[in-house]
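Given below, in the form of C-alpha cells, are the structures.
Each of the next two complexes has chain A plus one more chain, namely chain B in the first and chain C in the second.
Right after this comes the complex of A and B.
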C-alpha cells in the first residue's frame, strides 16, 4: 500500500523534478489508484464549474429562452456598454466595494479578537456558552434576521431608539433605515452580530496548532499575558489570516445579496443597492439574462484580477499564500 | 491488492452515481396515458401540476369539495403550487431551466413567459375540445390574440351575460376609520382637504391615544399603491402609470405632473404636523398590514385586495365585539369638488393576466377539456356558489341567496379552503366578475345583491343608512366607458426602452418621494425641481407613445367587434 501513501508537501518539494513526459506517465501509472479516485471530482468540477462557462456566450446575444443557439441574435458588446454607460452602475459598484470592505475589516477584526479572548478563558463551561451563543445568529436565515433588525431599529418602539431616548442622547426617534448614511454601519454591525461566532472557529482551530512550548518559553522569559498574546498567538494566526484575506479579497465584489435586498428601501437606496440587486432589477426581473451574464462576467474578471494580485503581493512580501 | 480493487469499485460507483444524478429522471409521474379512444370510456385519473404566482397554501384540488366533484366529472386532479418569494425570480428559473408546471397562472411575469415561448397556442385545441371556452371567450378573441395570432392564455375577466356592478368596494379608495366619521356626525366628504381635515380634527381631540393619522404602503413591488393615488385623486380609474385623456386618448405619465406634486405636498404638510407615519417608507408589507389591523391608523389609500387581509381581520373582530369603530370605509376622494370620481372599474377585459398551458404539459388536450368543463353554467355555480342547500339556497322566484349563517360560514377562511372556493372562484377559466347566469342570478356570489345585503353587520347597516345608500359602492360615481381600460394591462416588451423607463422611473420615485414627503416645507420646491429634472432626463416619450398606440388599438378592437 506504500505506493498510494500521499506525500507531504515538504517531500513533494524535495523530489527531484521529473525529466519530461516519460516519467510523468510513469508516475501516473504508479499512482493510478489516486488518479482513479480523483476522477469523480474532476468530472464534478468539469460539469459544474467549466461547462456553465459555455453560458457566457449569452452575454453577447439578445438572449431569448425559446430560440435555438443558432437563432439567437448576436449583439457584441451591447450589454457591457449598457452596464458601463449607466451612471447608476458606478454608484452600485461603489456600494458593493464599500460594503465588502467594511465587512472584511470588521469581520476579521472582531473574529480574531473574539477568538483570542475565548482562547484566554480558563473557565471551559463559560467559554462553551459564549461560543454557542455567538454561533447561533449564523443559523438564522437573513429573512428572519432582517425582520429582527428592522424591528430593533424601528422608529415606533424599537429598542435602539427607546434606549437612546432613555439615556437622553436623542430627543425623538431616528428612522435608522431611512437615512442612507447609516446603512453601511447598520449592515456592518448586523454582519458582525450574525457571523462573528462562526468566523472564530477557524482561528480557534489555528490557535490550537500553536506549540505550547512557545508559550512556556515566553513565560520563562518573563512575558506577561498580553505579551504572550502579541508575540505568540498573533504571529501564530498570521498564516491563516493571510490565506483567508487573499480569498476574501478575491470575492470583494460579492457583498452579499439578502441583507441589502431585505433592508434596503427607497430612502437608503443610494447606499444599499449593490451589484447583485442591480443585476436582479435590470437583468433577471426584466428577463434580460444577457445583462445578468455580462455583469457576472465582469465580476468574475475583476475577482480573478484581485485574487491574483493579492496572492502576488503576499508572495512578494514573503508571506504564506494561496498558491 | 484486494483493497485496491475495492477502492476502484468505490470510485466507479461514485462516477456512476454522479452521472445518474445529472441525468433527469425520465419516468417522472407521466400522466397515465389516457385510455380514451372514442372518449366514451371512463378516463383514468391524472394529476397535473398548477402554479399560481400568488401566495397561498399548496394543495391537491381533489382534497377540496369542489375539486373532488370536478375530479369525478373529469378524472383530473391538479397539484396546486403557490408562489413563495419573488415572482420574477421564480419564473426566471422556470424559463432558464425550460421546465414548467403544466398549468401556470402568472402575475406580472406573464409577458416574460409568453416571450420565452412557455405557453402552447390554444386556438386549435379550443376549436376541437372547447365549445364552452369558445362561447365564453369568442367575443374577446381580438383582445386575446398575441401578435402572431395565437391565443396563449385564457384571461379571467370575460363577462358573460349582463354586467352587474360590485356592491362593495373591491378596488382602490381612501379608507377612513369609522369612528372618525361617527364623531364628526357622518359628514359627506368628497375632497382630499375635507378628508385630511377630518383626520386632523380627530387626532387633535384624541391626542393621548397616539394615533397614526395617515399611513402609506411603499414596499418593494407594492410601491404603486403610493404612486397611483394622485391619478385617482384627479378623477381617473387605475390605468397604472398613465392617465389616458378621454378626448384625445393620449397617454400621459403623471409622475412629473402637478397632481403628483400636490399629493406629495399634502403629505409633506401632514408630516410636518406629525400626522404622517414616517415608517411608511421603511416598513415591509407585513408591518404595514399589522399597523392597519392594530386599529391605530385613521386613514390610508390602498386597494381593497391589497389591504384585504388586515381589513378582514378588523371585520371579524368587529363582528365578534359588535363594535365597528375600528373598521374602515372606502371613500371616493378627489382633489376638487367638481371632479367626478372614477374609482370603480369600468367593465373591462384584462388581457395580460390569465391561465396558460405550458410546453411541458404532456396532455394539453385533457387540460383543455377540463377547462371547458369548468365553463358550464353548472360548474360556474359550483365554483362560485357551491352546493345547493349546503352553501346557498334558492328562493321560490329562483333567486340564489345565502342566509346570514351561511354567509358567515362561507366567508370563513378555513371553510373557503376546505370547500375550495378559495382555489376555484378565481384563477381558472371563468365567467368574469360581474357576469350573470341566464336566469339572472349573479355568477359570483359576492355580486348578488341578496348576498351583499345579508352579509352586512348592524354597524354596516347604520353607516349605509346615514349615507342613504344601499351598498358601499353607492358612494362612488358610475364608471365611464373606457374601452382601453386598464392601460396597465398593455404588455411592454421585456428589456425594451419602455420597460427600462418604467424601471428607472420606479427607482427615481422610490428615492425622491420619501425625501419630498419628509423634507421641511421650505425644501420641498427645490427637491421637486430636482426630481422633475431627473424625471425628464428619462425617456418618458417612448413609454407614453407605446401606451398611446396600444390604447388606440384597443379602442379599434373594441369598436370593430361589438
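Right after this comes the complex of A and C.
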C-alpha cells in the first residue's frame, strides 16, 4: 500500500472548499446581522439549558461540594439502588402519581364540561363576563391562591366549615389541611378552581371550528339539546382532547410543586409530599445532591419515555400527533 | 338553493321547547354559582383587609367589613420590608418582561426568515429544550458557579427566553404579509432596522400576549427568591414575604420569623394588626395589579393560547 503524502498547510489553503461549505460561510457573512441577533441567545441556551445536563453525572458520584470536579468519587448506580429500596421514595411516587391522575381526570372533565356549557349560553355579554371572571384565578400566584384556600378551609371561621355546619353535615369544624387523606381532594379541587376557566379557552376555540351545518342537520333530524351536544360538540372536541391528553401523559410525573409545597404541612406530609418536594428536601435542605439528582433524573427520563410512547400510540390510532 | 332552505331552519331554531328553557335556566344558575365560587374568596379577603384586625378575630366577616379601617393598608405600606419588597417585585416585573419579550421577539424574527442559514439549527436547539431539563439541583449548582446567588440578575437572566414565547411570536411573524418586509428591504433597511421598525410594531398583538404571560410570571414568582436569595433581605419580593407569612400560619407552631408576626408582636403593632389581617391585606396587594390588567388583554391572550395550543 502506498503512503499518502500529507498536504502542506499552504496546499490545504489553496484547495477549493466544497461548494456547499463555501456558500454556507459566504451566506453566514452576508447574514451577519441575523447571526448577531440569534447567536448570543444560542450561547445563553447552551449555558442555562444544556450545561445543567452535565450535573446529571453527580447522580453517579458521592458528591461533596468541597471536592474538585475531577476528584469526585464515582459510585455507579448506588443512589438509584438506594432510591428503589427506599420506602419513602415509593410513598412520594405514589403521591405524585395519585395527584397527577386526579388532576388529569378532574381537569379534563371539568374544563370540557364548562366549555360546552359556556358554548350553550345564548346571552353573549353574560358569557363574556363569566369567562373573564373564570380566568381570574389562573393569573394570581399560587402563594395568593394558597393563602385564600387556607382561609376558606380554616377550622376557625372558614366558609367551608361554616356552610357544612349550617346544613348540619358536620357538628365540629374540620381541620381540612391537618388530615392527610383529604389532601389529594383539596389539591384536585384547588387546581380546578384555579385553572378550569383558563383550560376552557382551547376547547371553546375548537368548538368554533365545528361546522354549524352539523348542528342544523342534527336539529332537522330531531336531536334535542343534549343529543346535539353529545353527537356534534363532543366528537368535535376529540382531536384537541387527544393532543392535550398526550401532552399531559408526558407530564404524569409533574404533579406540580407550588400548591403541594404551600398547602403541605407536617400533618399531611404523607399525602402532600411529591417528587419535586422530595428533590428539594434532599437536595437543598439536606445537601444530598447525588440522591436528589438521581430522583430528578428518574422523573425526566420517565417523562420522556411517556411522552414518546403516548405520541407513538396516538400515531398508530391515526389521531393527530404532537410532532 | 341552500339559502332558501336555511331560512326555515333558523326560525325553527328560535323556537324554545320547555326542556330547552329548563336547560338554559339550569345553565345560567350553574354559571352564577361558578362566579360566586370564584369571586367569594377574593371578596372575603378584601373585606377582612378593610376590617379592624381585632374585630376580625371574632369571625363572621363575609362580604363586607364590619368595622371599616384603612389601618391594615397603612401598616403594610409603612413597613419598610414590604415597601422594599414591592419595589423589587415591580422592578423585576418591568425589567424582566421588557428584556424577555424583546429577546424572544428577536430570536423569533431570525428563525422566521426563510433565507437564514442557521434557521434550522437555532430552531432545533431551542425546541429540544422543551423536552428535558437539567432539574432543580443542577440548575442551582450552575447559578452558584456563575456567582449569581444574591444578585438581582438571577431574576432576569436564567429565565430570559421562553421557547413557547418564541414559537408563538414566530407563528405570528410568519403570518404577516411578506410584502411588508420586502418593501422595507427595498427601501434599504437592514435586518435589525426591519425588525425594530417594521416587525415589532406589527407584532403588538402577540407581544401583548407574551408580555402578559411574562409579567404575570415575574410578579408571581417566589421560588427563585426562596432558592437563591432567601438570605438577601434587600432582594426579597412581595410574593416571597407573603409566602413566609403563609408558611408560618400553616404550621401551628408560630416561629415568629416572618414580618407579620414580628410586627403584630411589636409595640406599635400590638392590638392593632394581627398576622391574619396583614396576610389578607398583602394577598390583596399582591393580586390587585393582575386583576386590573388581565381583563383588558383578554382578546390577545385567548388568541395566543389558541395558537400556542395548536402549534406548540
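Keep in mind that, in the parts below, the second predicted complex is superposed on the first by the 259 of 323 C-alpha atoms of A that agree within 3 Å, B and C clash if a C-alpha of one lies under 4 Å from a C-alpha of the other, contacts with A are read in each partner's own complex, and residues count from 1 in each chain.
By our rule, contacts are C-beta pairs under 8 Å (C-beta built on N, C-alpha and C of every residue); 3 or more make two chains touch, one makes a residue touch a chain.
On a predicted model such as this, the values are computed, not experimentally measured, just so you know.
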Exercise. Go through the superposed model and pick first if A:33 touches only chain B, second if only chain C, both, or neither.
Key: both
Exercise. Check the residue A:286 against both partner chains and state whether it touches chain B (first), chain C (second), both, or neither.
Key: first
Exercise. Based on the superposed arrangement, let me know which partner A:170 touches: chain B (first), chain C (second), both, or neither?
Key: neither
Quiz item: When the two structures are overlaid on chain A, which partner does A:56 contact: first (chain B), second (chain C), both, or neither?
Solution: second
Quiz item: More residues of chain A are touched by which chain, chain B or chain C?
Solution: C
Quiz item: Which partner does A:155 contact after superposing on A: first (chain B), second (chain C), both, neither?
Solution: first
Exercise. Classify the contacts of A:269 with the two partner chains as first (chain B alone), second (chain C alone), both, or neither.
Key: first
Exercise. Would you sort A:43 into first (chain B), second (chain C), both or neither based on which partner it touches?
Key: first
Quiz item: Thinking of the overlay built on chain A, is A:64 touched by chain B (first), by chain C (second), by both, or by neither?
Solution: first
Quiz item: So which positions on chain A get touched by both chain B and chain C?
Solution: 33, 37, 39, 44, 47, 147, 150, 156, 177, 265-266, 280, 284, 289
Practice problem: In the complex, go through chain B and note every residue touching chain A. | Solution: 3-4, 7-8, 10-11, 14-15, 18-19, 22, 86, 88-89, 92, 95-96, 98, 112, 115-118, 218-219, 223, 278-279, 281-282, 284, 286-287, 494-495, 499-500, 503, 507, 509-511, 513-515, 518
Exercise. Show which residues of chain A lie in contact with chain B when the two form their complex.
Key: 1, 33, 36-37, 39-40, 43-44, 47, 62, 64-66, 88, 147, 150, 154-156, 175, 177-178, 265-267, 269-270, 280-282, 284-289, 291
Quiz item: What residues of chain C sit close enough to touch chain A in their complex?
Solution: 6, 9, 12-13, 17, 19-20, 23-24, 27-28, 30-31, 34-35, 37-42, 44-45, 48, 59-60, 62, 103, 106-107, 109-111, 113, 115-118, 122, 125-126, 129, 131-142, 146, 157-158, 160-161, 190-192, 195, 216, 219-223, 227, 239, 242-243, 245-247, 249-251, 279-280, 283, 286-287, 290-291, 294-295, 298, 302, 305-306, 309
Quiz item: Which of the residues in chain A end up touching chain C in this complex?
Solution: 24, 27-28, 31, 33-35, 37-39, 41-42, 44-45, 47-56, 58, 114, 117-118, 120-122, 126, 129-137, 139-144, 146-152, 156-157, 159, 177, 193, 197-198, 201-202, 205, 216, 219-220, 224-226, 240, 243-244, 257-258, 262-263, 265-266, 276, 279-280, 283-284, 289, 292-293, 296-297, 299-300, 304, 307
